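What follows is a single structure, and I will ask about it in a moment.
Chains here go by letter, A, B, C and D, matching the order in which they are written, and residues are numbered from 1 within each.
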Amino acid sequence: MTQIKNIGVFTSGGDAPGMNAAIRSVVRSATYYGFDVTGIRRGYEGMINGELFAMDRKSVSNIIQRGGTILKTARSEQFKTPEGRKLAYEQLKKHNVDALVAIGGDGTFTGARIFGQEYDIPVVGLPGTIDNDLSGTDFTIGYDTAINTVIDAVDKIRDTAESHDRVFIIEVMGRDSGLIALRTGIASGAEAIIIPETKTDLNNLCERLEHSRKDKLSKIVIVAEGEDAGGAFEIGRHVKERFPHYDTRVSILGHIQRGGRPSCMDRVLASRVGVAAVEALRDGHRNEMVGVIHNEISYTPFEHACKHTVEINPAFLKIVEILAI
Amino acid sequence: MTQIKNIGVFTSGGDAPGMNAAIRSVVRSATYYGFDVTGIRRGYEGMINGELFAMDRKSVSNIIQRGGTILKTARSEQFKTPEGRKLAYEQLKKHNVDALVAIGGDGTFTGARIFGQEYDIPVVGLPGTIDNDLSGTDFTIGYDTAINTVIDAVDKIRDTAESHDRVFIIEVMGRDSGLIALRTGIASGAEAIIIPETKTDLNNLCERLEHSRKDKLSKIVIVAEGEDAGGAFEIGRHVKERFPHYDTRVSILGHIQRGGRPSCMDRVLASRVGVAAVEALRDGHRNEMVGVIHNEISYTPFEHACKHTVEINPAFLKIVEILAI
Amino acid sequence: MTQIKNIGVFTSGGDAPGMNAAIRSVVRSATYYGFDVTGIRRGYEGMINGELFAMDRKSVSNIIQRGGTILKTARSEQFKTPEGRKLAYEQLKKHNVDALVAIGGDGTFTGARIFGQEYDIPVVGLPGTIDNDLSGTDFTIGYDTAINTVIDAVDKIRDTAESHDRVFIIEVMGRDSGLIALRTGIASGAEAIIIPETKTDLNNLCERLEHSRKDKLSKIVIVAEGEDAGGAFEIGRHVKERFPHYDTRVSILGHIQRGGRPSCMDRVLASRVGVAAVEALRDGHRNEMVGVIHNEISYTPFEHACKHTVEINPAFLKIVEILAI
Amino acid sequence: MTQIKNIGVFTSGGDAPGMNAAIRSVVRSATYYGFDVTGIRRGYEGMINGELFAMDRKSVSNIIQRGGTILKTARSEQFKTPEGRKLAYEQLKKHNVDALVAIGGDGTFTGARIFGQEYDIPVVGLPGTIDNDLSGTDFTIGYDTAINTVIDAVDKIRDTAESHDRVFIIEVMGRDSGLIALRTGIASGAEAIIIPETKTDLNNLCERLEHSRKDKLSKIVIVAEGEDAGGAFEIGRHVKERFPHYDTRVSILGHIQRGGRPSCMDRVLASRVGVAAVEALRDGHRNEMVGVIHNEISYTPFEHACKHTVEINPAFLKIVEILAI
């Protein structure tokens, strides 16, 4: 094991609140342990294009509370090719970077895993995605903030729903995972939630809308974008057809879900795994994602972290049904 | 002038944050001045259907901070007919209501004006709409909250826009008025704003996007829904076609703009005009909207309040251009 | 085991955000499972005074998002006496209440434990306190909201601290527990945290302030109210004496920490344990607190939940030190 | 009139939300009109110490939404002396600064007025203070944000007050002005407000607490720090003595009131007056504060802006009384 001297850090894939807190933690703890730090802009794309620069503890002052990522992020087609990865490696060598902390999600770690097999650069990953769809950690950085953003928005829509006796079909993020929909559905008092992990049954939905609280005309349905019935607009169309007397509206929450000041828990999680990532590199770890399971730091090989094996707790679906009584 | 004994209060049209603060103020000040108060649910529709009930000062406890309207709101086709208005009048008589405070916007006051001509019920209006598109008041109840909600959302989207170097076309409310777009465009540092009051010039928009800060790829355009180029999706399509190398996204903020806890200014405005409306009825006013102009209470006949003569200050458009440098 | 027919629910001790979500969950799930529900106002005090009333699923509409507790809360000296508990029991019998769900903290469960030994009324507890100082659950209802409220306030104070190069000593809640200080200290990028679980060493604090980032004059220290050096004012006095050239200020966050709309996680936690409490009573549990450990429902006898054995993870203290570099 | 080439900009006195939006507006509009721009850190103190640096449009990217001031602020004893002002003038000359935009309040403009009499440097001021206590503008930058911060905090305290039936005496900022207390008192549904502009009558306060809503034990009193009865703690002591059966608590909101993301209105105001200040310098104005009166840009000589002649609208005090019924 060669001695690491210079740790590169970057964010990749969709941005998530808390990524800045994670960058800060990596830079500060690397400095604390005597490493040099190199920031890499725009993820793998910037690595290939040589967007590398020295960072120190002051580079990350006053960012713990900011959304987005000061290192910017991008998706890179080039990095999927051996030629692209070779260029990236050459840039790292040129800047004397001999280890990496990759902050991102599934795609980020897939890239990191392949890169780590081809080149002798230890890479450690931090789970940064609002979707919470990674194995190897109870929560991903950004998830807690995103679900708070969603319920804040749904609380506002509920004001209007109650005032007008409206049914609202609200689409939240989650192309492959219903985890945002699941917790926000419970927390916003939704009548029903519709997620990719279960087959969407529009008849069942309509029955629930019909039978739940007949004396109440204002109802909310939370839909994860990845479900298989065509999304919130299609579901809204179906509900309108079946219940023409309802005043049914559709709302797509969209990109607001990725932004905003990170919550306390996201900042703490990001700070913890940032420190642990640097300590892991120091201790010889590589090709692993650092997460938190049962409140303890955990290390998961990239190939296991990437697989979307996160399961939906059926008790949560039952809670939605019980509380919609 | 008959002595008023019982004041009815209702909300009508689209809901707006601060309507509850207005209801509270009307109920409390009517009680203070010795009137009875009758709440009417669901606007004109509920008036026709007899949804009237006695209110006292406790009925409005702990609502000043809540979005929506505890009296609910609706649009009424029936009230547009003489028969509907007759039914409404009979219900008011039945419940001994001999004066009304109507909280709403343009449509609400049009109804009130006609009703006030046909029947001897003095009606005073309060400007409750997020659009700020009424003459006779500097601001409408709900506008200040709505523009804060918009910039909160745009701040979040900007986190993502900056992180990904994206162009965002963001649609805000305003079918006939660009006032929400205007102030939120300035406050969110938008590159350009597009409003119903001016002809939309997509070539000009594209030129501005091209020439403003060439070194900056993240740009925001705020679009009022009522503009004449087809809305944010159509504008987004045009921008994508012209600048295929931009990562252009569209976001429709939608119904979140109507909800939420009212801002301090909206609560103060609602409280002031609520008191003034009751005092106006006591003093013999009728068929007038009570607003605030230059920080003083003002009274505007419904026919003048209704006309959409609110003009856009050209200096505001110039500011957007200057600050987008 | 007698068949339970009517479940009483109450909140007791300090209020916490999410208590309403818990009440809603208990009422709705009790209704779902066929029980009658009795609300008890003002905790044990109201139980003694007969403030009991029937609740149904509609009683808890539109409260999931509200801070405080619709059942109100109080501390009761009377309930600490056998005579008080006897009166309470007689009121429960009078209203046919044959089981209880108690939402509160340490003092609440101590009362419940004694009451459950004296009278044949099964009691199940839900952890409702912002302090997170109960064994038997990873998190208490209200803690997540409170720490978000704290960092929101500290973010605001930091704006001023940075603008003026000031040192701020900020006191947060936590008479016996440093858990609020610990996570908010990490999340707000504090230079140091001071908690009841460790001996306060003012010399060490001053050394850290002196040596950390000498080029930076704006620094934040988070102090839990229960620490042993006399609180934030005393610590501020000491820092001023030692560093007269610092512009040192003290801020006591105070009661804002108990209020506010509950976070998504607090609403989900409250909803989960609310359902589980009713199911536990149905299944014959008694004298237990229902919590969530490692994302699974857990049951802890009151005598174990009450003991303040919550330990501070030393890794968290180390993180504060590392990131203050 | 010499041609201006280089405009210096600084913030001074207490920081206020929206100062960054004002700085951005000055820098961008100066650039737009062809001026060079020099940033001055730490107000007059930094001017004396030579903390001047060139700014361009990019220096102010992504700050419109941030609280505090990127130029930092300070109070300067040195600038009150002729020697200090001479040093400041020499630094301006050295950096070729030939005009100034001063963002601050009363003290800032007093300094600017004297400086402008002694040296041939045109100075224009922008009203930046949360207190709203300047003549020559309807609102100061920061006031709208501060009152929203206050009601957000009071809403949280109210959750606790209602849950525990408590009386809360809440102190807000305003050493010489009751304007923060006045609007937040109305907006938070306070029972009474106590301000410096009127003599504090504790007997009257106690009578109002006694007679207002006897059936309601939870009451809120908003106190401006500058009132003459000794502040919130002293008032709280008096209330406790008079009503020992009340559960009376005191809360000092403190420094959170200065920070936070500026509201939409504060950003718009800051953007407007920033542009107008640069245009004013271009057009030969000097020794004037640029404000907004009745929605139009206004220019007020520093000597008139400084005097605290802002009067309290008695109608506002009446509203508090009426709505506390």
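Quick note on the criterion: contacts are C-beta pairs under 8 Å (C-beta built on N, C-alpha and C of every residue); 3 or more make two chains touch, one makes a residue touch a chain.
The UniProt protein names, listed by chain, are A, B, C, D = ATP-dependent 6-phosphofructokinase.
This is a predicted model, so every value here is computed, not measured.
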{"item": "Chain whose mean Cα position lies farthest from subunit A", "value": "D"}
{"item": "Between subunit D and subunit C, distance of the C-alpha-averaged centres to the nearest whole Å", "value": "36"}
{"item": "Gap in Å, rounded to a whole number, between the CA centres of subunit D and subunit A", "value": "39"}
{"item": "Subunit A and subunit C, separation of their C-alpha mean positions in angstrom", "value": "28"}
{"item": "Shared-contact residues (touching 2 or more other chains) in subunit C", "value": "155, 158, 162"}
{"item": "Chain-level touch network, classified as line, ring, star, complete or other", "value": "ring"}
{"item": "Subunit C residues within the subunit D interface of the complex", "value": "11, 15, 17, 19, 66-69, 72-74, 149, 153, 155-160, 162-165, 168, 249, 251-256, 258-260"}
{"item": "Of all residues in subunit D, those that touch subunit B in their complex", "value": "21, 24-25, 28-29, 31-32, 57-58, 61-62, 64-65, 138, 144, 147-148, 150-151, 155, 158, 162, 183-184, 186-189, 213, 215-216, 261, 263-265, 267-268, 271-272, 275, 294-295, 297, 313, 315-316, 318-319, 322-323, 325"}
